[in-house]
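See the structures that follow.
Next come two complexes built around subunit A: one with subunit B, the other with subunit C.
Right after this comes the complex of A and B.
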């Protein structure tokens, strides 16, 4: 099986998983207390007939499985239902909010990878030296500190005390400089994006950084003790090349797995970080939907989050197969 | 006689661990001449691999070469001298780390390791790895190095080398991978190849093929080999001269026929008796009693005496070095056993140690551990006399160390 067929195979495998996500979400949303019609009426006294009419209009009088089929038919067409609270289609609401969340999560990952890999390698090559001990303490701090607390502390220090960086909101580069009255040029726009992104990125990325750094260190130590490293040394390969090529590439496979699997922690972390930094992303929308008991919106966001996670895992598998020649794409040997 | 290609004198490599100093290689001397295959034989833990890695100065922390001299083609790979302050320091003519890397490793001395799966990098192609080493050690441009790599793959009997060049290690069988490693070693055109148990991981038929291949290629390229193995059968098949190692020391050194037919050391005899031999019919194989003690606390006197069927009282006290006991084919036959007349240590008058042998053979740190089942009248006296005579420094700290390693 080639890489292309393997990709297709993995995508097909994702279908039952996604179906499972929608079923569980749908059932849970319908089991939850609270009646959507009463919510719509917001406590107004109305007669039974009107309630029945509304239920009929939205199909709420029909059995659960019929409603699920109708819902899924809509989902397949990209229609995730209608948000009663916002009075807007769910798809539209989510599309407007998915950008900031992805920007936040991806930049947090970029930050985590860019710092964790060099630090992990340095810790591995200077094992049990002061550098290694410092990195161990940093990692321990990163793993054991909640991201929202780091976020609040960063705001207190850099925004409130020092006043260097803004504490709320984001500037979205895809809107262009014209969308902001106070920004004139593209470079200025990107600069403002970076300034606004810096603190939430660090707050969300610290946990990932700490985890990745420890794994990178362990993997590099193991890789550097591999016999292929001794062989390369015995053939006069310079130490720098051994580190960068022979040991490094082998050490990256578990890193990729962890990045993929940690996508779930990163997404749930983003919910909190968006709240702390007042960013209008999916996470904030999610919390608002829960507070308003807006079931259609809750379901829609859960499905989108689930899909992002499943796609992330597939991408992980594919890059694994691309980097490690031993991954056989599930064919029989 | 011309100078040997490689001369090792009194080499000592030690590992400084929390539990104490491990004397993995403890004063060995041997030579490899041009075109020779020299065996380095012994049980696991005898220090064979550490010895061979010392030759490339590839000893990793906490290990260190602490004494001795390694000379290769007149260049000093390792050598110490006494400085003005009385401390030992590295000799000025000793090659620097950078010189070892660029002038010795790969292009002069190449290695083949035991496990071809572990020693090939799983994420790079066979060809890529071969080419990298050729480029580096023969200063060839990429294209020429690739051509050379394919030529060498063909040379070691890999079918379809152009296609296999781009494949990964996991796509090769064990025997084929070992052929790749041999191609790697030969492609760098070294004068000496260290083969560290290269056939141990292979099954017997493949082992035979590989040995045949090495024999053939050795004739063609006239490369010298240092062949590290625990297998006397392989030694008989391939080696010209043999060094038998026990607990960091070379206990016997002889041309291969001499070693097999006029064995001078009881350990070698025991090794030979413990394996099937085509030239002798024996009813039953005799395994060597006990296990080899740890190099962290070697027994006093002759290190083999706790397991030696010929051990006598004197063997507990006097530590023999390898001395010339015979001469054959222009080569000395050395053995480190007090029973030979050259030692004149009073072996013949010394009472045999048979009881002690049986009682203590199974004790890992040798026959002198306290609290063991030994200690009946005669044996106790001997133990005391050992400490008094002080054949090896045995102060209080050291015996404490031993107590720890036992637990």
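Right after this comes the complex of A and C.
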């Protein structure tokens, strides 16, 4: 199977999962003991006529499967329903908030990869030396600390105590300098973006860094024990070249898989980090939707989060197949 | 542990192998390894603290959130009752920790906004976090074992169907799925009980995947063939042969998973969808202290440190267990 066909195969494979996500979300939102209309009107006097009117407007008086089919017909056209609380289409609301979340998650990954890979390699080449121990302790702390607490501590230290960095909000580079009254030029805009992004990026990226570092270290150790490394050494290839060309390249593949699978942890973390740092992303929107019990918006966001994960895994899978010629893709697991 | 026993049941391994895999051997290897030993100490310490506060109370403690009268504070008289909110004028709020100039040993970690002793609340937090971590991991473990073993053993369409469901649940970021579950199933009033259920169910797929791959390799073993040939019912083969033999890696995973679960529940309570006040849960305490971040820094520091140490303990112990049980690492 060629790469093109493999891509198609993976995309087709994702369809049942995506369909499943909509079913789970739909069933959870509709079969739960709390009736959506009751939830929506919680705290208000129950007016039978109003309840009926709302039920009719959203088709809640029809059987579940019928409603699901109607909902899915909309989803396929990109219509995720209507948010009662915001009085706006769900798709529109989500599209307005997806940017900050992606910026946050991608920068956290960039931070994690940029730190974890060199540290992992150093730890592997200096196995059981002090450097290795230090990096392992860092990794241990990284996997054991709640990301939102790291965020709070970073705010307390760098924003409150030292006053070096801002503690809330983000500056979005795609809006251009004109959107901000206090920013004049592009370089200044990018500088402000970086300043605002730094703390949330570290808070969200630490867990990813720790996980990646552990995997990188193990893979490099295994890779350095490979026969091809022994052979290269026997041929007198310099140690640096061995590290760079032979050991490193072979150790990277599992990292890519981990990056894809960790996306669900990163997206979960983004909800907390956006809350702590007051970032107007999808995570914050989700929390607000939950607070307002705006069930169509909750469904929409859940579906979009699931889709981001599925797409992310496919992209990493494809890059895996693309990078490593040895991977014989397309075989059933 | 079950590992040694189950292998005895099947009469498969020789005594030599038994010695290498028995629980004494495992424990010995863990205590040999410095980091794993520290993990064991921390886990034991946290468990003892949780058990102590649980034993010395009536059963209402198990309902989470309703604290009984007898407390750790009364066992060690210098600490205040955690849930007794001092009437206005009595009991100072926002006291700094003991090492601070204004602090006192009566409240080693200071007091919270309502004047409750923070140290006692942190100690109680251990009980809540550990019970929640273990309870929800248990749900994931049992559910995952059932689905994974059925799926792996029967194969074919059953396997395909179950694995599609597993994949789907896996695709929704855990925190999102748990909040959606908790809020909708509780009808808009989330509670720690729903959080436990939600977290447990969310982790069923992860356990199911691990046990399925174990079962797939065990299914082909000779003793399963023998059991089949002698007419043992399928259900009994799964219960008596397949599950006991595939449980070891899942047990290791469960230990590590307790840490992940505590982390997740802390996040959930922090957002207000797990433990509800006045339950002294570490995540809930961070949620409350978030409002006083600038006024009282200490309130945000202690619960986080408690979470960090506890999870680190479970991680170190789990890693040690993994190394001890992995025969490939045997030199």
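Criterion: the second predicted complex is superposed on the first by the 311 of 333 C-alpha atoms of A that agree within 3 Å, B and C clash if a C-alpha of one lies under 4 Å from a C-alpha of the other, contacts with A are read in each partner's own complex, and residues count from 1 in each chain.
Keep this in mind: a residue touches a chain if its C-beta (ideal position, glycine included) is under 8 Å from a C-beta of that chain, and two chains touch if they have at least 3 such contacts.
Model, not experiment: these values are computed from the prediction.
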(message) Let's test your reading of the overlay: on subunit A, do subunit B and subunit C clash or fit side by side?
(response) fit
(message) Between subunit B and subunit C, whom does A:156 touch in the aligned arrangement: first, second, both, or neither?
(response) second
(request) Using the superposition on chain A described above, determine whether A:305 touches subunit B (first), subunit C (second), both, or neither. (result) second
(request) Pick one for A:250: touches subunit B only (first), subunit C only (second), both, or neither. (result) first
(message) As a test of reading the superposition: which chain, subunit B or subunit C, is in touch with more residues of subunit A?
(response) C
(message) Quick check: superposed on A, how many Å separate the nearest Cα atoms of subunit B and subunit C?
(response) 11
(request) Would you mind listing the overlap between the subunit B footprint and the subunit C footprint on subunit A? (result) none
(request) Show which residues of subunit A lie in contact with subunit C when the two form their complex. (result) 16-17, 20-21, 23-25, 28-29, 32-34, 38-39, 42, 140-141, 143-149, 152-153, 155-156, 160, 264-265, 267-269, 271-272, 275-276, 286-287, 290, 293, 295, 298, 301-302, 305-306, 309-310
(request) Sort out for me which residues of subunit B touch subunit A in the complex. (result) 56, 58, 101-102, 104-107, 110-111, 113, 115, 118-125, 132-133, 136-137, 168, 170, 184, 188
(request) Spell out the residues on subunit C that touch subunit A in their complex, using ranges where they run on. (result) 164-165, 167-177, 179-181, 183-188, 259, 263-264, 266-267, 270-271, 273, 283, 286, 290, 293-294, 297, 300-301, 304, 307-308, 311-312, 315-316
(request) Give every residue of subunit A touching subunit B within the complex, in rising order. (result) 226-228, 230-238, 246, 249-250, 323-326
